[in-house]
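Worksheet for the structure shown next.
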Amino acid sequence: MIKAGIIGATGYAGEELCRILLGHPQAELAAVSSVSFAGKAISEVYPSLRGIFDGVLTGEEEVIARSDVIFASLPHGLSEPLAEKALAAGKKFIDLGADFRLDDPADYTQWYGLEYKNPGLHAGQVYGLPELYREKIAKASLVGNPGCYPTSIALGMAPAMKAGILDAGSIIIDSKSGVTGAGRGLSQTTHYPDCNEAFSPYKVAAHRHTPEIEQTLSDLGGEKVTVTFVPHLLPVNRGIVSTIYASLKKELAVEEIHALYKAAWGGEKFVRVLDLGQTANLKNVKYSNYCDISIHVDGRTGRLIVVSVIDNMVKGAAGQAVQNMNLLFGLPEAAGLEMVPPAF
Amino acid sequence: MIKAGIIGATGYAGEELCRILLGHPQAELAAVSSVSFAGKAISEVYPSLRGIFDGVLTGEEEVIARSDVIFASLPHGLSEPLAEKALAAGKKFIDLGADFRLDDPADYTQWYGLEYKNPGLHAGQVYGLPELYREKIAKASLVGNPGCYPTSIALGMAPAMKAGILDAGSIIIDSKSGVTGAGRGLSQTTHYPDCNEAFSPYKVAAHRHTPEIEQTLSDLGGEKVTVTFVPHLLPVNRGIVSTIYASLKKELAVEEIHALYKAAWGGEKFVRVLDLGQTANLKNVKYSNYCDISIHVDGRTGRLIVVSVIDNMVKGAAGQAVQNMNLLFGLPEAAGLEMVPPAF
Amino acid sequence: MIKAGIIGATGYAGEELCRILLGHPQAELAAVSSVSFAGKAISEVYPSLRGIFDGVLTGEEEVIARSDVIFASLPHGLSEPLAEKALAAGKKFIDLGADFRLDDPADYTQWYGLEYKNPGLHAGQVYGLPELYREKIAKASLVGNPGCYPTSIALGMAPAMKAGILDAGSIIIDSKSGVTGAGRGLSQTTHYPDCNEAFSPYKVAAHRHTPEIEQTLSDLGGEKVTVTFVPHLLPVNRGIVSTIYASLKKELAVEEIHALYKAAWGGEKFVRVLDLGQTANLKNVKYSNYCDISIHVDGRTGRLIVVSVIDNMVKGAAGQAVQNMNLLFGLPEAAGLEMVPPAF
Amino acid sequence: MIKAGIIGATGYAGEELCRILLGHPQAELAAVSSVSFAGKAISEVYPSLRGIFDGVLTGEEEVIARSDVIFASLPHGLSEPLAEKALAAGKKFIDLGADFRLDDPADYTQWYGLEYKNPGLHAGQVYGLPELYREKIAKASLVGNPGCYPTSIALGMAPAMKAGILDAGSIIIDSKSGVTGAGRGLSQTTHYPDCNEAFSPYKVAAHRHTPEIEQTLSDLGGEKVTVTFVPHLLPVNRGIVSTIYASLKKELAVEEIHALYKAAWGGEKFVRVLDLGQTANLKNVKYSNYCDISIHVDGRTGRLIVVSVIDNMVKGAAGQAVQNMNLLFGLPEAAGLEMVPPAF
């Protein structure tokens, strides 16, 4: 059994990691930490866990000491020193924050306002999107787990980017995320009466996931890609829907593009390319590690429209992190992730 | 007191018309009709009206006979003959359906599959968007009340279109509508457990409001405009958010564009251009006739992003229809529409 | 025009008072205060008011000075000294908090942990439930506006209590309130992902509205009444549903009890007794000052079941406060409160 | 591997059975039937299952032929003949409908309007509430799976009923159910805009689960129990909260009653008695087989208040049915039911 530890276990992604790891056939939850709730049982914070996992929240050092693999779910800037310690102790480290996602230190500085303090550490980081970088992940010890929006977008765009069928300058991404994406911390925006029966974009063309999205699309397309990215806060608990627009370089039948996607993703357990005529809906992937993708062409304007949906807490965070853990330890990639999405 | 009648009063737009007209200081509800519920009091169908308006649902002929102005809220194709009768009887007619919105009969045939049977009638129709076509409406007897999506989009785009600052071929509109937009009729999609905690686009690049959107934008821009339009079903009762993307012909500071919008809409009671840095949210216009607009520029890609929000049932349907009625009869344009939007 | 001022205008009840008073034909909003947001326009806090009411938030003294009537919406204990000042200045005072609801100082001390500091002041207080105490209110200067739960319960129980048909010791009240009832302040309980798709009671048999409920029921019944009262947090923005159970002293046909209710409430504009066979639903009173009541009898157990629904922010707070203002100033009781409840 | 078949697989309980059985380590989904969708893959009806289970919907006979155990989820009256066939073929039968829950044929006739056609069949039926009737179930071939409301109520009341501490005539049950409880069929009540931001009771003191509730409580208490039961429709997808009120025969400290509950349920995996001071919330059991129970005493009125929450589709339907299957076949009782409830 792999011993897994979670630093920042009382955030939403941390709790979701608990839930998934508790059902993992080849891993056990060895330790959990929290700054705010140290000394309490995690089931006091999340009564859903009562009687199932009543582990006491400890400190970060103890998590590193007791675990083979450490998941960190922390505000940016806090994971870097912990990763260093964990790797020094021969452990593997999967960061669910933003500290190890960006290859270019300048991007990190521009969008997060901090600098990489240990460049050597970042040289070894791998971007943990298994469907795209599986081989690299399997050999790594330090994984930057992708952001929720970038996951939905990279999976939605990869086949088209690789095929080079799109005008790279034309990509517009209109994403909508459930409220768990904003985390457990309180804010007026996520106060129920302010958030329920409400809807609006936020951080319009200024969200920190933008450079991460562009990094992957550029890598896939083999050219520098700049996108317009606008996220919206959706009054549901879970799920991301990314509606992605891009101009086709030349006219292509939707059937051809669909075939391209089926070819690219046909062998992937967790990516489901819907039949033509169907439209992806977040309700079909909730509480699961699946990404559903539907393909549409606006023949009147020559644009491809891709709809890509995931559960932001599973494929967009904790589930993908466990998928990465499986790769790091040579386990079956889907171990612990076979949850069938409930229909309602 | 203007005598107002409603044909199709038990649909959602019909009921909302009742609600608004019951509070109108210079109009009275003279008659209401329904095919499904004829003979019943409308308050049996909508108990919210109980004791306030218990009028009995009659037939269409009676509504026409008893009213100075007839509102029709019917599936497309059914309003044309009624409008003919009403005009022949010297009444005014405001259609909340699609029968009198499109100038080009070919558009109607292509998107709705029907033909205009009485071309002379359509020669006299006016598109009822008061902020754009106020003078024409005031002189008309037959008004095609705009669709909900087109209203949010026309108000959001008019200043930029008129100023000619956009690449006309670059417009992409990602809209999200509350579930009342789908009407009172039952469907699996709008069954609560299928619709709650769910989200997806529908009729991707194929929605019937597309030609109506293009007609207005073309008129405003003075050139043929073709757009990509994708609507989504949003799990809230009311409201539309349109997030609109378009490339700027040349670099413009967001302040300049904002000034353009303030100049264009500054005198309009029902259009509120938010300060720079604010973002429009449907919660601030619910249950009111306001349209809130926020202006954003993505400097990295040279795109204008406009967020335009309305209540789909008020400014997007019944409220705008009453605004048109006020124009038709020379009443103060805001009469009966002074509802302050509740904050929650 | 009556000059109305609001102390604590940025709380939910305060904002709702603004909304209602802005539509009042015989009152104007003279001043608003807030401790947290003093110096800002209230429309910065509530953008729904933008362009409609951009009044700047001042201090309490200024509100008292500029108003004929002062509404206070504050935590308990803070209204008492303000009422004293207002009355001394010859103004009228309507408190939406708990400081002037309870006749027995011991109740206030037991449930709120404070003491009445100025007993003389309390001697003049009137409990502002117009349908029950209209005459007294009309003569008063100081009104304790009822709590939201007690309003729904008093209106639901008054006819039966007065008729003496119930076993006074048998009353059990199971109430459910929308989340605005918890106010604008942030808490984990009202954080969207914790509150959405969730439901539970709170303060089981220990809610501070209990003595207020008992005070009114005892007064109506002419004997000391003790009830079991359990509130629940309902994942909707607005509305209270009180399901009330009580044993009938002797067998009575539901028709007899219904007739009793029709007789008692038939002349009241804002209380609607539904027909037998119908069931009250909060959706029919949202955004309005109505209270809908349905009457049921469980013949198998000899119990009366009353369902009483209101909008907690209107009839349960701001609307009733305006109704009291109308009484205090001899205006038509329904002035400014004619809002037709929207059906959706 | 046990071969499990589902008749009525496209109803909500049927689909939930699929989801649970697909994750069961010792059972496989052998056949599924549907009258409405025969010939289609079930994943066409529920796209959440796409790629996971694309089994084609067949007829009832085929399900019986191919399965060791048949789950039926059908309107009342339809299961009786199918059970007969299944038992005749040597199969086991678990009915999620109402045909095998009531011991007294008169109850079935009174509340469901039908008669038991094969009394011999009913002689062998067992009421499938494992925590109460585990031994009987293990020996049976025909199980009447309990209703959702009765499950929450029986588990919430069993320790108190067995201890004889309650006045049997005083029990009042106020239950609230998520909308999946109303099933997949369309109705105006469950149309999103009619159901969202709405709340009301239904079938007040007239719900068909009443005799089932009374049957179990009478059995546990050793005396005839008649209750008042009022269900409410709660605008969430899943979950039941039953708030149960009963008078204590004599004064008892809440600690004593809590100890009674801990003693009764301490050994049960799926029943969690919360610590004193905590309150059960449906969000903590969603998507799981747990029942959370909190105990409260209203000392002022001498009443016990029990709050019992379950997921109506899991412990209230499909999960409990699988628990029964496990008992019928001698599998570990929790097999396939170890889902950790998500916290959000």
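We call the chains A, B, C and D, going by the order they appear; numbering starts again at 1 in every chain.
The working rule: contacts are C-beta pairs under 8 Å (C-beta built on N, C-alpha and C of every residue); 3 or more make two chains touch, one makes a residue touch a chain.
Values in this document were obtained by computation on a predicted structure and should not be read as measured data.
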{"item": "Pair joined by the larger number of C-beta contacts - B-C, C-D", "value": "C-D"}
{"item": "Chain whose mean Cα position lies farthest from chain B", "value": "D"}
{"item": "Approximate Å spacing (C-alpha centroids) for the pair chain B, chain D", "value": "46"}
{"item": "Chain B and chain C: spacing of chain centres that average the CA atoms, whole Å", "value": "36"}
{"item": "Computed distance of Cα centres, chain D from chain C, in Å", "value": "38"}
{"item": "Contacts with two or more other chains, residues of chain B listed in rising order", "value": "12, 180, 193, 196-197, 235-238, 281, 283, 286, 344"}
{"item": "Parts of chain C lying in touch with chain A, wherever the complex brings them together", "value": "12, 178-180, 184, 186-188, 190-193, 195-197, 235-237"}
{"item": "Contacting residues of chain C [partner chain B, same complex]", "value": "12, 15-16, 18-19, 22-23, 46-53, 180, 197, 237-238, 269, 272, 274, 278, 281, 283-285, 287-288, 292, 313, 338-344"}
{"item": "Residue ranges of chain A in contact with chain B within the complex", "value": "169, 172, 174, 176, 193-194, 196-202, 204-205, 226-228, 230, 232, 234-239, 241, 243, 245, 279-283, 286, 296-301, 303, 305, 307, 309, 344"}
